[in-house]
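Chain nomenclature is as follows: A, B, C and D, assigned in order of appearance, with residue numbering initiated at 1 for each chain independently.
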Amino acid sequence: MNNTSVKISIQTQDFNLQDEVDLLEQDNAVDGAVVTFTGRVRNKNEGLTVSGLYLEHYSGMTEKSLAKIIAQAQQRWQIGRVSVIHRIGQLAIGDQIVFVGVTSMHRQDAFAAAEFIMDYLKVQAPFWKKELTEQGEKWLDAKQSDNKQAQQWNN
Amino acid sequence: MNNTSVKISIQTQDFNLQDEVDLLEQDNAVDGAVVTFTGRVRNKNEGLTVSGLYLEHYSGMTEKSLAKIIAQAQQRWQIGRVSVIHRIGQLAIGDQIVFVGVTSMHRQDAFAAAEFIMDYLKVQAPFWKKELTEQGEKWLDAKQSDNKQAQQWNN
Amino acid sequence: MTIKVVFFATLREQLDCSEVQVPASEVNTIADIKIKLARKNEHWQQVFSHSALLSAINHDMVQSEHTVKTGDEVAFFPPVTGG
Amino acid sequence: MTIKVVFFATLREQLDCSEVQVPASEVNTIADIKIKLARKNEHWQQVFSHSALLSAINHDMVQSEHTVKTGDEVAFFPPVTGG
């Protein structure tokens, strides 16, 4: 990885945070700041008890969409390496779903870019969640609040 | 750990990100979002090549100061568990120095609280860095930009 | 001389179909494709009229008025819910 | 009936001293302690006049006008540089 490398991985297997952050910082003694976001499967959603999650995606478009979001973040902030991992397939409560990691010389830039990438991933990257609840399988509805959150970056 | 537990650790030994995040999320299926900040020893500072770092702190005050900062974050945002680890003693290039981890049901709150805690840690927690550079040992000067960054949360 | 059209998530399940081919000569835009597919039968008509669908051409999100050409891969899907 | 005064980082090294005891009867405020310590000798005078020092009482950051009492632990140190 060079100092502006990007890693995008769509995978069924789990990931290890320390390994991912080590990769972001390997031979990268320039960037002293690393911000990560990790999303996990919750046991409740909209009042229903959830027992698991199935994640579908649009292979090809997912990678292209994430690459575009990361490129926008690189234009807005002075950041180093970026890593985005998103799991697909069957997941259980507490399982890690998504990882975003950003390095920078400046912690403000790392924080902003990581949040920006998550906000746009939520509304642009073609993933869909189907929850297994006490009332059976249910595709999740997109949240209006996620659209608002992403739009805030345009102000 | 219950759902609003706080961990504060000042230690010489290294930490493992995955272990810390797992601890933050253990029996915590409520909070789906985890944001972490990790600071590492850089190889350059203010134009000088750095070969290592020595970290001193004011035992007792450090813990009290961090607890106060975390309590402020808990008042401002809806967050779950918080973990702050800061290493002291001799550190080498690339070594992890500091870890801040925050869980929340809402990623915006986790991002804001983690950044807030780092910003205040930088200006209020009694740690001092001495760098080993090509020109010998040198205590770091505090940065005015860090004060400005912390003050922005009052606006 | 066709356009490949793919469906995802709820939409795929509701249609019970993941992919169709549409003759490129019969459509100019994403909107045309939607209208054409809705005419297939009453069920497809309902599905396409009731859902707030997003669309993509060759892996880029586009609006309904976007033109399509032979060889394109067009996708329809519900608002995304990853992360 | 004393106040424990501790020094950190550059300050400790410049003074070559990490801790002193000050009689509580001779000082009312943090500022008083600073003045008293500066009178010790020319070197201490210089160190205390040249540095933008922060101060704490019993592990809480305070301003110079803050009052002190017997049994307090007072600390002087340069601006912090952790994280």
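We adopt the following convention: a residue touches a chain if its C-beta (ideal position, glycine included) is under 8 Å from a C-beta of that chain, and two chains touch if they have at least 3 such contacts.
Everything numeric here is computed off the predicted structure, so don't read it as measured data.
Here the chain-to-chain distance from subunit A to subunit D, counted in touching steps, is 2.
Distance from the centre of subunit B peaks at C, each centre being the average of the chain's Cα atoms.
Centroids of subunit C and subunit D (each the mean of its C-alpha atoms) stand 73 Å apart. The distance from the centre of subunit B to the centre of subunit D, with each centre set as the mean of the Cα atoms, comes to 26 Å.
If you average the Cα atoms of subunit B and of subunit C, the two centres end up 48 Å apart. Residue numbers of subunit C whose C-beta contacts span two or more other chains: none are found.
Each of residues 39, 118 in subunit A touches at least two other chains.
Contact between chains, as defined at the top, is found for A-B, A-C, B-D.
Contact residues of subunit A toward subunit B in the complex are 16-19, 21, 25, 29-44, 93-94, 105, 107-108, 110-111, 114-115, 118, 149. Within the complex, the subunit B residues that touch subunit D are 39, 55-58, 60-61, 64-65, 86, 97-98, 118, 121-130, 139-142.
By the touch rule above, subunit D contacts subunit B in their complex via residues 6, 8-10, 13, 56, 59-61, 75, 77-83.
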